[in-house]
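What follows are several structures.
Look at the two complexes coming up: subunit A is in both, with subunit B in one and subunit C in the other.
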Partner chain A sequence: MNAEMIFLTFFGGAAVWFGIVVFRTHSMVRSALALLFSQTAIGAMFLVMQAEFLGVLQIMMMATEMSVMAIFMVMFMMDPGGLGAMDMTHQKRLSLWAGGVGLVAALGLTLGVDWGPAALSVPSASAQIEMLGIELLGRSMFIFESAGLTILTAMVAATMVAIAPQDKGGAK
Partner chain B sequence: MNIAIILGSLALGAYIIAIVESWATYGRLRLAGPALAALALLGRESVLARKPDRLFFETAPVLLLVAGLLAVAVIPLAPDLIITDLSSGALFLNAALAYVLVALIMAGWGANGAYGMIGGWRFLGQFIAYAMLIVMPITAVAMRAESLMTTQIVISQVELWNIFYQPIGFVLFVIAAMGLAYLPPLDLPLAPGDLAGGVEAEYTGVRLGVLRLARMIIILSLAGATVTFYLGGWLGPWLPPWAWSAIKILVVTVAMLMAGHYMPRIREARYLALSWKLGISLALANIFLVGVIALVVPI
Partner chain C sequence: MNPELLIALTIGAALFGVGLYGALSQTNLVMIIMGVELMLAAALVNLVAFWRYLHPNEISGQMFVLIVMAVMAVEMAVGFGIAIARFRSRGSVEMEEARELKG
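== the complex of A and B ==
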């Protein structure tokens, strides 16, 4: 077992552990930040697997996304500090089934699919960035742009729904 | 060896800017001031608030320090005086400094005090204002250098420094950097005067010392980033490269510290509106202009 495998196992374990903490805690802020550190650990796994750009990007994006999520949770939940011992889980039977089916599917894919021979060498980090850039601005451009637009539309729509209707004056 | 040199110069730099900051604030030059203040903080009792979120409260100052130190790791002081010359260095700097936000939210939330909590969440609002204006000017810088490596970015400025090549980007980046380092007039998370210290309000003793030191390092790392991206890094005549880096970083830091004393604090709503309506339009224009210039004039 070489150093790479040890670090990969460590960060993988950390990601799973923080994932569990998300549901074990009562505090919304702790839950959001546990999710952040779970995702950061996945970013560290990318770094261990020599996908430098993806790792750095993951670590950067998650810090901001999860912080923004935390403030939304604090704004909209009834017990953000967890002082009333709020439970993070709901619809338990459905969640258990969904989680179980997801686990079986993921394991089946991981073990059942022929992944081909493992890569013996990895392109240098700067070569990876260049290849990613060409991929993003070429073949995958349409997919990424349409996904981006969809997310933007969803954000605008969600904000519109969340704003309380205002009396524009003179209605009553 | 590089790590030792850079950490040593970081400690010296932090000490110098602590002197300058107190000079700018109180108008008296006290060379021993920061050392005495640090001793006083170490000697003072580190009080815990009632019912704190202990995990966040203890982690936040350390996380802030780690974020600052990681950001420093990709800033070159000379061609070979850099801790790690990552291929995605310019992005890594952002990734490290994104955790300043996380640390301040944790510090504000963990202390179980109203002032701290408001300070922490205020910084999130401030983040939404400055974040794009850090990344978008860096995009234009990377476009010219055709690389995200910080050393390549410096080398790309041999002919002409980026401050002259993309002045709009420079101005936007420096203002955003001051927001990131919560320097006045953008010191909303601390806001002495209306938040009684904000995020730092519930911290005392050693923990406050770590928070303050971390902030000094963040200021230095951002001054270093400004020098690397816009002021030609180590480039300059006569003096050795490291000396040029040191001089430029100190000048930028002092300018950032002094600027705040001539401006009133900006309200977060106004800062957000200005950043998004004016700042992002300018940043997009900057990217477009740099793209056109890079295609037309080969310098």
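== the complex of A and C ==
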């Protein structure tokens, strides 16, 4: 077992463990922090797989996203501290079955397919960023711009949904 | 056989299973969003692993990762927008109480 496999297993195990903790703890802030640690471990996996740009992007993006999520959870949950130990789950048996079947199906595909030999050499970090920049502003420009436009549309739509409706009757 | 790819894909499968369980079992909208985030993270792990261990010179593999990250951001923005609207009108984001949304 080489160092890459050891680190992949370690960070991957941490990501899965914190993912499980998200749904096991009663405290919502702990849930958000567990998801943050899980996503950060995934970013560390990207770094191990020599995708430096994506790894750093994942960690930075998720740190912001999960901080916002923690605020929302404290705002909207009935028992954000988890002191009441409320059970906020339903259809547990069905969910366990669905999660198990999804896991087994994905594992079956993973183990059943001949993936071929591993690529040995990877472009350097700077070469990757250069190639990605050329890809984004060349062949994939339309897709990239579409993604940007989609995010903008989602931001506007989310703001419009979130703002309080005006009381037109009261204005008269 | 490619052991590093197998480790990464196994972790992706486990994350997907945990995320699916969370998305189906939780009653709170924000917790459901967390489950979906975990499933999308599983897709990210798989995409990066495929790029790294099968086609490292095809940079479009990383392009897919950026698109999935954009999807994660959009999902969160729209989900929280709906959560705010729901909380304002009904005072709760418990999905057990949102039966009127059922068609």
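Note that the second predicted complex is superposed on the first by the 139 of 172 C-alpha atoms of A that agree within 3 Å, B and C clash if a C-alpha of one lies under 4 Å from a C-alpha of the other, contacts with A are read in each partner's own complex, and residues count from 1 in each chain.
The rule is simple: a residue touches a chain if its C-beta (ideal position, glycine included) is under 8 Å from a C-beta of that chain, and two chains touch if they have at least 3 such contacts.
Predicted model only: the values in this text are computed from it and were never measured.
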Checklist entry - Clash or fit: how do subunit B and subunit C relate after the overlay on subunit A? => result fit
Next on the checklist: According to the stated criteria, A:29 is in contact with first (subunit B), second (subunit C), both, or neither; which is it?
Outcome noted: first
Checklist entry - Just subunit B (first), just subunit C (second), both, or neither: which does A:57 touch? => result both
Next on the checklist: Just to be sure I read the superposition right, which of the two partners does A:126 touch: subunit B = first, subunit C = second, or both, or neither?
Outcome noted: first
Next on the checklist: Which partner chains sit in contact with A:106 here, subunit B, subunit C, both or neither? Use first/second/both/neither.
Outcome noted: second
Next on the checklist: For A:44, using the defined touch cut-off, is the partner it touches subunit B, subunit C, both, or neither? Pick first, second, both or neither.
Outcome noted: neither
Next on the checklist: Per the contact definition in the header, classify A:67: touching subunit B only (first), subunit C only (second), both, or neither.
Outcome noted: first
Checklist entry - Counting residues of subunit A in contact, which comes out ahead: subunit B or subunit C? => result C
Next on the checklist: Considering the aligned complexes, could you tell me the closest Cα pair distance between subunit B and subunit C in angstrom?
Outcome noted: 14
Checklist entry - In the superposed arrangement, what residues of subunit A touch both subunit B and subunit C? => result 53, 57, 68, 128
Item to check | For the subunit B and subunit A complex, residues of the former touching the latter | outcome: 53, 55-56, 86-88, 91-92, 94-95, 98-99, 101-102, 105-106, 109, 121, 124, 127-128, 131, 147-149
Checklist entry - Can you list the residues on subunit C that touch subunit A in the complex? => result 2-22, 24-31, 33-35, 37-38, 41, 44-45, 48-49, 51-57, 59-60, 62-63, 65-67, 69-70, 72-74, 76-78, 80-85, 87-88, 92-94, 96
Item to check | Footprint of subunit C on subunit A - complex, ascending | outcome: 4-5, 8-9, 12-13, 15-16, 19-20, 22-23, 28, 31-32, 35, 38-39, 42, 45-46, 49-51, 53-54, 57-58, 61, 65, 68-69, 72-73, 75-78, 88-92, 94-96, 98-100, 102-103, 106-107, 110-111, 115-119, 121-123, 128, 131-132, 134-136, 139-140, 143-144, 147-148, 150-151, 154-155, 157-162, 164
Checklist entry - Touching subunit B in the complex: which residues of subunit A? => result 27, 29-30, 33, 36, 52-53, 56-57, 59-60, 63-64, 66-68, 70-71, 74, 124-126, 128-129
